[in-house]
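In this document, chain identifiers A, B, C, D, E and F correspond to the written order of the chains, with residue numbering beginning at 1 in each.
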């Protein structure tokens, strides 16, 4: 027996002795990526590759998405029928996703003096990718599709450094500049015309645990009202409310409510 | 009509009703990526795949880059001729890009005790990728090439978490350690021998707006003089000047000038 | 001579005049990526593509890894023989890597109320990727394999924004939430049941230099004892010790020891 | 103007002056290839890659095939609706295609003493590929699908050197040994248990032309009855009938009827 | 030493002892394939993938072709300059290639009653591929480009079973039906409106040898005048002339001249 | 239930009712292709892509080939151990394969006046590919490896139209010109310095059947002695012997022995 064979033999024995877990036929990250790419080609036609007509793209979207939803619903005995309903509902909701995304594009353009035109925003700004993934994922999560939404937002996280939980609720005209390090938690509620900068965390302060010591999933992230701006690297934590038209400076650690129309800077808080 | 057909029909109607925008034959992100890869194989031969001779690589670079510049100049009636001039000028400037990049590599090596040798820096350090993209993009931007520079730096941003605007001006021997979350704004001016750590923002404090409410693109980011070090997660905002040989500690929020040879730490500022 | 030929001619002359460096037949980033993917398919079978049996995967791993180790040891005259030993030792250690990774998966699940089940953690959480890369890289580094470990952790850094030096020592049940911007330095020592949030830096405060001005590689990063939690965007710098069962709040800049069972928040430090 | 630009200019002018034809959005050879691969994975599961369940494969087949049929029916104003009918009919007919193909596999095995087992026939024998393409193409042609059947059989022709027109009618238990150079024309009628060897042509002798000089598409290829064998490189031309249980030797040129149970060799014809 | 290492060691020794030949940086078969694909997209726009405008395709063609010609002329000290001339000349000749190919397409359509329309001929008929490769290769060979023409026609041979030497001279309106097994030798001269069927050989009868025993390359293949048809599997060998408007039946072995307007069948030859 | 679902339902039922066969984890055609490509890069270094050193190529070959041999021996209870022996034996025999292939290359060059140099033969001549596949496959078959040899020669058949059974025995300096349609049967024995032209069949005349009606695998193909040439499209059938230094003309059907030094033409046979 060669050295290698002996090592392989030992390794197999030892690996088998470690309790692990084997994945089963399950949702495919690559297929979910294709789903989002197809949505992208529907919402921003001509920017990202596919040149076929809208009907063909929708049929492709249906084919890809239904396949993944069926896998995601593998434990649901009516999964096969439900997947068609969910898929059709999602397709009917695409126009609203498109409408929201164009408000985001508009907001980005209004915020950044370096922008030359709207094409540049769609082609270059990572936040557009992040919002496309988030708004698609959120729509699926609202319909009750498991697993897939989370995979979608992680794909955006890996690519842009922007980590938005698909459960968060985000209004119109949402902008993030630069974006790396932004975290938006599962139970956040964000109004319209909100702008964030890189490194902003809208997170939980601490968790409640149930009697068995498992963390409880209840509202634990901030509410950010309309027309709020939060500058870079600030963290807003817990179920606090940032009132409308407020401005939160950078590098802050905020764990209390902020009234509307307030400017919070390091060391002081003042009516705007 | 099946459920799906009905959904598709409704979706098409609704999508058409949303005002959107169709991209046209335009600069390709994938081709821009190839351009940067080719520059990389010219500057760091033997490290990244291509093994052909220098002349062949330059011809490939010309072919790829000219194609994209023509697309970027699609609204310029002399675009076809100008693209050749721009492309040739860029090629003549490659040696300067190479020279600058080797100063960066040197600076990285000088800063990090974990470095074993210069090959390791070129192969492994994300900042080398980021600077290759930035220095290439900046050279094109200076020549007047639109769109492409921004796509180049976004590619690096996605890959490294380092977001440098191609318009920024950066001197020799520039180093960034770790890098995730670094943001360097469009009108920054950075001297020689400057070192940044992860999460450093050199950003704008606020924008001026013109009479139509559009943000004005004027100098609004810091000037960082020679031999300055800025530690992790600090933000320097607005058109302030950090004097030469200064050291800015971590986690700071700085919106005023700092005189030369100054050490700024949390809560205090002192002559070095 | 056309404009292009003249530009190419000038460019070649100028490029040759810049002192640079040519890489040689060396470790391939793509092959290292395949090595990690193979380890992943061994540790988490069924989740990531490959469906072959364990023995076949181990043979593939041996083939890929040995090839890269030989290249990494190119300056070692016994490199050919040593590469087989190193490769076999690594394979024998795979079960321990697997065991540790399942403790990490468990810790992630225990920390995040948004988690539905363990499959979701393995499929979606970027920290699982980061730890897989790190634990694989660390095992190789401990065996004395050069270059490859660093390439592995940079691959994870690019993908997840989590930058763990392969030299760091990390105990069981390690969790990072969100993760973007986390930096863990080369000489860190981290105990069991430690949890970090996004943007946490465990870094060096400053370097010592030797007589020739080269930075000295000695212990310069924190020691974090068991059951410590560090919240988002805090930096712990230098060879300080965070005592067991301590909690470090967010956005802090910490350069001193913290006794066990202590809660450090902005502006105050208290016994938990 | 450089030499190249001048050449390109001249070339464009000259090319435009040549009357040509521009293809439109049309059936894709690559997609048709995928259709056949999917049929293959349904008929011979486990031999050729795809491992998903039958239902999933049929849904994929529907998606791919319907897309191509719609393109093929682009001039038919009811093409969209008809494509669904045609696709469903084809899917219902798959079991018959499968049944026929297994008779072919059986016939190949019975003919060749070099065969070890049925797996080898399915994996290695080019005639299996050719018949899979032909039987799939013929079923589509019978349903009235244009263009696609012909593309399918040309794909097999390119790969195997066996050129069967999709319009030919071929019975059960059909075998071709080696196969290179076999040609079976559009109006051939072939019975059961027929065997051909390489280079056999079942072709037309001459064409009729209509009043405008266009060749007329009428029965012009042979009828080959049950249990006939035709040896290598023989040509049977025109609307002749080869009677059942006949054997046609090699290298023959045959343009007349052959009665049942006849052996035709070079220079003589005899009752078997 | 394991069994494998010992085998590898022996094998290296033994392999080194066999006199062989090492290829050098040379013409790439894959790149030559790209050249032909580009010509195809110029001549038959819209049929085969590429959708860019004519100028862009010609620039791509120039880039690809010039690179290969330079490699093919590696032993020519003026190769670099000549490659540009040759490439430009070829580009200027593209319109003639296009014109000839459309005559071939027309001839194919006129010959085959199974043809539905001209699109089908361009998309499906292997002879169109074969003639595209041949006419492109012949144009390059006439210009004096070495090696590349032969690679081009071998690519077509592999794909279609039609083997045309690039040195052959072929007139307008040339058709081959089915095509597998057709061979057309280097010194053939073929007129206009000639039609061949599968398996036809236009070959050499025997070779002359020079004083050193090397075969002499002189005219040794047939001359086929205008309006000749040769049916399947016939061989015409040696420098014979088939007079215009003649018809050669199938399965014949012909080594003598045939006067114009003659019909040659098995066993007899008659004035048409 | 939609039309499609109903069709799928019916189709599944009907497909299940047809007796078929499911392939199991078995030899992969794509992997076998890689094995041959690796042998090619060892025998003709520098011609076909891979540039690594000989030892690395042999290790790759071992890895790929052993994996496939194990699968091929899946029913052999000692398959795992035997696969290593077989693989090592094959590797030790590579030098002989190389030696034989260079004799073939030499023979091709000596036969064709159109050849410019030996590089051209190796790069362009399909028979070189065919012989590489055959000689590799034959060596494996002689060692007792099942299935893989047949897959190898079918790969060459598909690509070149040359169909050589791996069981045939072929001497040195073997040449085939053009090659399409050549068939060489399983029990052929071919001497040295033999040349064939396109369309030549060395086949069986008829089969013996055993008592159960299965064809018997016994010597049934021709013996061709040294220095024989067979011209295009001739068939030699049955266990006949073509004596050394004989020449067989084209288009012949030969089923009897031919004495040495004989010239066989259509209609006559004469002492050379």
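Following the convention adopted for this analysis, contacts are C-beta pairs under 8 Å (C-beta built on N, C-alpha and C of every residue); 3 or more make two chains touch, one makes a residue touch a chain.
Predicted model, so just to flag it, every value in this text is computed and none were measured.
For chain pairs C-F and D-F, the one joined by more C-beta pairs in contact is D-F. Matched by residue number, over half of the contacts between the chains of E-F recur in the interface of D-E, chosen from C-F, B-E or D-E.
Inter-chain centre distance (chain B to chain C, centres taken as mean C-alpha positions): 25 Å. In whole angstrom, the spacing between the mean C-alpha positions of chain A and chain E is 56.
Chain A and chain D have CA centres that are 50 Å apart. In chain B, the residues touching two or more other chains are 3-4, 59, 161, 180-181, 199, 233, 251.
Put simply, chain C touches chain B in their complex at residues 3-4, 6-8, 10-12, 14-15, 17-24, 26-27, 29, 146-147, 150-151, 154, 157-158, 161, 163, 165, 167, 180-181, 183, 186, 199, 201, 203, 207, 214-218, 220, 233, 235, 237, 251-253. Within the complex, the chain D residues that touch chain F are 42-48, 54-55, 58-59, 62, 84-85, 87-89, 91-92, 94-96, 98-99, 102, 110-114, 116, 118-120, 122-126, 159-161, 178, 180-181, 197-199, 232-233, 249-251, 266.
The touching residues of chain A, counted against chain D in their complex, run 56, 59-60, 63, 67.
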